[in-house]
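Encoded as structure tokens, here's the structure I'll be asking about.
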Amino acid sequence: MSIVVRNPPRVEAALADQFAPHGVATVHEAQGRKGLLASYMRPIYRPAHIAGAAVTCEVAPGDNWMIHVAVEQCQAGDILVVAPTSACEDGYFGDLLATSLKARGVRGLIIDAGVRDIATLTEMGFPVWSKAVHGQGTVKETIANVNTPLVCAGALIHPGDLIVADDDGVVVVRRKEAAAVLEKAKAREANEEGKRAQLAEGVLGLDLYKMRERLAEKGLKYVDAPAED
Amino acid sequence: MSIVVRNPPRVEAALADQFAPHGVATVHEAQGRKGLLASYMRPIYRPAHIAGAAVTCEVAPGDNWMIHVAVEQCQAGDILVVAPTSACEDGYFGDLLATSLKARGVRGLIIDAGVRDIATLTEMGFPVWSKAVHGQGTVKETIANVNTPLVCAGALIHPGDLIVADDDGVVVVRRKEAAAVLEKAKAREANEEGKRAQLAEGVLGLDLYKMRERLAEKGLKYVDAPAED
Amino acid sequence: MSIVVRNPPRVEAALADQFAPHGVATVHEAQGRKGLLASYMRPIYRPAHIAGAAVTCEVAPGDNWMIHVAVEQCQAGDILVVAPTSACEDGYFGDLLATSLKARGVRGLIIDAGVRDIATLTEMGFPVWSKAVHGQGTVKETIANVNTPLVCAGALIHPGDLIVADDDGVVVVRRKEAAAVLEKAKAREANEEGKRAQLAEGVLGLDLYKMRERLAEKGLKYVDAPAED
Amino acid sequence: MSIVVRNPPRVEAALADQFAPHGVATVHEAQGRKGLLASYMRPIYRPAHIAGAAVTCEVAPGDNWMIHVAVEQCQAGDILVVAPTSACEDGYFGDLLATSLKARGVRGLIIDAGVRDIATLTEMGFPVWSKAVHGQGTVKETIANVNTPLVCAGALIHPGDLIVADDDGVVVVRRKEAAAVLEKAKAREANEEGKRAQLAEGVLGLDLYKMRERLAEKGLKYVDAPAED
Amino acid sequence: MSIVVRNPPRVEAALADQFAPHGVATVHEAQGRKGLLASYMRPIYRPAHIAGAAVTCEVAPGDNWMIHVAVEQCQAGDILVVAPTSACEDGYFGDLLATSLKARGVRGLIIDAGVRDIATLTEMGFPVWSKAVHGQGTVKETIANVNTPLVCAGALIHPGDLIVADDDGVVVVRRKEAAAVLEKAKAREANEEGKRAQLAEGVLGLDLYKMRERLAEKGLKYVDAPAED
Amino acid sequence: MSIVVRNPPRVEAALADQFAPHGVATVHEAQGRKGLLASYMRPIYRPAHIAGAAVTCEVAPGDNWMIHVAVEQCQAGDILVVAPTSACEDGYFGDLLATSLKARGVRGLIIDAGVRDIATLTEMGFPVWSKAVHGQGTVKETIANVNTPLVCAGALIHPGDLIVADDDGVVVVRRKEAAAVLEKAKAREANEEGKRAQLAEGVLGLDLYKMRERLAEKGLKYVDAPAED
């Protein structure tokens, strides 16, 4: 038996929207360097940057039936997250499904499998992060779960969790941790802003971060290159 | 002994040209979901979309001699299809060969190996779908066959078959099936056009494709998320 | 114990600058088809084309501390070359380090690992060739060597060697061979210019390179396709 | 901050022991085809077959410090499950750690990374399922969590969950589902036993599973091969 | 629509049996270095060495229904060859199917996907060459073709073709070419036997194959190592 | 032009022989965790363990001619190290070449490419560490260098360097560092022997290596699992 969970609690839209200026790397650091999806998840076009609440969708290998089911569970501001129950690079998703999601205000797709019609998706401005691009279509024979926790590209994602995706990849933030992570991300960016200015003026990170003493303690030695033969 | 087959029958140019508006995913579906090359075959620039008749060319690993032989067999409207006799990612093809092919009216290259000079190829507007980009050059020591059937990126291709390639990848259509596939592709696109409009208005695929009953038969259950703790 | 070698002899800047118009494929051929890095080293944006002197930097897996040390060893015109002591795709490098390198006049980064903040790096125009893009950050716990020879993406690189990188990948030229390689690259390009014109007019490579006789000696046969059934 | 959770509830040893005769494929089917680790997880020697309670251990890339911490949390009948916080194939584990685990009655190791000293581990009869075999050692600089949930080779594992591993790979069973899964596995094996006997006598699966009618409904046609030319 | 072709012409059993002493490498050379499957096709146990006639079977990704159909088409001396219509590493085949095939006298399985129950298959002595070992099971929802030509691990295979598989991999020989290839394989082995004896006595291949002159013509120079510093 | 360097200085045979009891992991640690080849280099049979002086041999992709040249440069106690000038997994080496090497007293082969005839090589007891096993043969058309430095599976190897290979992989030790590394390896093994005995008795590594204080300083906390719900 498979189930579709309706209306799981979601990270608040107003909160998700505040992640818009913060990149994946910043959010990843801000939450203690966890929650990143595997580096093979790449955007179909660049630049792209979205944040929103996860609707999770399992699919059988070579079978996209459940994506049609998941569409109905999506609402404005959501991000659809799809993972196959067994590794598959087929093109599960194309421009018709994107049209449907866009009509509902969905912000993008994260799929640990393949996608197709990417020329049209690019024209439509519907961003997708995927494992592969592949024209290979799928069937509609096997059911699976929607809005239950799943592992996507190595990361555990619950329905309603916050997803942030940009050119660097995709990160998930637990729904209940999102507010705290936002504060840390803001603080981090503010802190980096000051450092960026100093570094741009030529101050060395070795001095800015006071690394020289600790490097010496670890045993780092500086030597001059030998005179040339 | 190796052979070069001259003037194999080709899919008609007028027929191939009619595939111009049809994407790889559509053609793949229209012919019963067969004929796709592996998803690692990616275009060197995007967007790119071509259709034409295959000239097939085997090459030895690290040896591009036979591409020079194949050029002479190409005519306007053709697409050159190259596969190594053993896996190799060397850069078999660069701007000089592209200049030669372009002078003959060839529409692009499909190569289950590497390509180089891609900055120049991009400027020239000569599209290539390849397994890799690699500066590593090749030698000219070993001969092989031109215009005999070969397996390229997992798909069997005969000389004269129709090749369609776009941002989603590459598909081959048997020469004698091309006319029938074209009709099915046209019908499919027409059918999708109507669906796209409905989906854009918010009609759900679940209703449009009448999936609800069959999903229930398979045992799909809908449940409400539990009230939050 | 780890060491940092100060001021290794570098390929002369004036010499490096003359490689600007020459692509990776040309330089690779000009030096006898050696020195290429593996084809998985790809630029984060295209087009990109740089030449300069290598500053080499080892890093521990998941640890970018030594990049901070290497920055101080870089001067205008250099290219930073980073290789992990064990395979790792973490995002070792982001926009702050790029700001620091750019302030010093460094021309780009070659890293056999991951990079992040690529949207910002693209806006900044700071080119990077990497094995991966990954938001995953790193720690600062382990020291290693700067400006000692290392193997990066399969190629041996000495500090001060010439690096050339473009859309085709990355090639290293030994410092003391750079002048000779430049002459060969120039000769090669001049020679190709003439050929390109002939090929564009439709002259066949088979004739231009006088290949027909040697192909026949190897046993290549031409046959006409059989009449169609 | 990182934590070590002491004495998490474990699947009962008596229950785990009853999984000894049941293979990974059977258990995977019995629990509804979920819980498998990725197929790259391979045993270092064959045959090998274990079942036990998971002790989970995160490690930093290239750093095996936390395995030493996890050893103390292991008791007789446990299986140690290790996952790096970022992909890494270093050899985190060798014969000294195995000696320590064996002294505590631990049944084996599941590690989504590399292992070394495999000749000695094989002689000792200490089974390991790993992503890689690699002589590359690790440092002891960075801490992480022990006995918190983690994702290992694509599967979510909680401390105390049941792990079953054999020549086919590794599967995880939720602690509270283990008793029910055991019953289903037993039923499945009993059912298969009868079928095996019939199949060995030449009864066809098509008849045994009554597939012919459904195949015909799907449109399967039988045709005789054409007479030979 | 999918079809099952009954009784395709097969390479003669008596002819296939004569390939028993000849290895994959020898057969591959004897037929002009063609017909090899990709190197990722590995035996589940070693040593293993079989020859027989191909029964070909397409399967959908994650769906092994057609293998059950193909079993009925197999007869004594056959080798079952399975390829998915889209890349998939699921465990399509286990000990029950092997029991069924063994009852019919089938010699082994070649599958461009995953297999499971390998401990039992090894005990049974039923050899399998596969892309992966994976406990992940499959469904029975989608039909496909049996005994039509297919591409398996990069090689085109027709029903009735000769398959030879050993520890080095898998090679296919066209049915009508098998007799001629056998003669060449025998000649090759006889020729190698003599060479092996000479090489074992210390005669150099450089002399045995008279390579010295041709190497010199190509420009090979011998130099003594410089005296040590 | 390519060269063959005759009689490069080799690590002394008596010294190499003393590495026989020391494994790759130990040697790698003893020399400061450097010199390991990539983890994809695997032995064709296990167990296997050799040590000897490197004879280095470049080969063109798909071309094993230079191996024949290198054989003559090998003497008793040597290990042949082969690397292609561009990535290739063809079967460069089989039982005839092994017969020739064995006749000269060569101890094994390290090849960053493919090997074939592995059933025979296993029977002969001629160990090989390779990137792949592949029946695909090679040609003899292109020359390259013998006994010049090369990069093999990511490691720089000079002719005459010490190679140690076992079930964990392959490590290279610089010729002039071999004596010092041997002393460190011996010390390391002696040290481990004592620890192994303590660990076998149940002493924890945490205590043996005095890790508890440093872990606490890093912030590691121990917590009891919550009482079960």
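What to note about this one:
As written, the chains take the letters A, B, C, D, E and F, and residue 1 is the first residue of each chain.
Criterion: contacts are C-beta pairs under 8 Å (C-beta built on N, C-alpha and C of every residue); 3 or more make two chains touch, one makes a residue touch a chain.
Since this is a predicted model, take the numbers as computed values, not measurements.
The chains that touch chain B as well as chain F are C, E. Residue numbering at the chain D/chain E interface overlaps only partly, since under half of the positions present are found in both copies.
Each chain gets a centre from the mean of its Cα atoms; for chain C and chain D, those two points are 42 Å apart.
Between chain E and chain F the centroid-to-centroid distance comes to 30 Å (mean Cα coordinates, whole Å).
Residues of chain F in contact with two or more other chains: 33, 39, 85, 87, 89, 136, 142.
Chain contacts in this assembly follow no simple pattern; the graph is neither a line, a ring, a star nor complete.
Of all possible chain pairs, those that touch are A-B, A-C, A-D, A-E, B-C, B-E, B-F, C-D, C-F, D-E, D-F, E-F.
Those residues of chain A that touch chain D in the complex are listed here as 33-34, 38-39, 85, 87, 149, 151, 154-156. By the touch rule above, chain A contacts chain C in their complex via residues 23-25, 28-29, 33, 36, 39, 42, 46-47, 49, 166-169, 171, 192, 195-196, 199-202, 204-206, 209, 211, 215, 218-225, 228.
Residue ranges of chain D in contact with chain F, taken from their complex: 1-9, 65, 68-69, 71-72, 89, 91, 94-97, 99-100, 102-104, 114, 116-120, 122, 132-137, 140, 142-143, 147, 159. Every residue of chain D that touches chain C in the complex is listed here, in rising order: 60-63, 85-90, 136, 139, 141-142.
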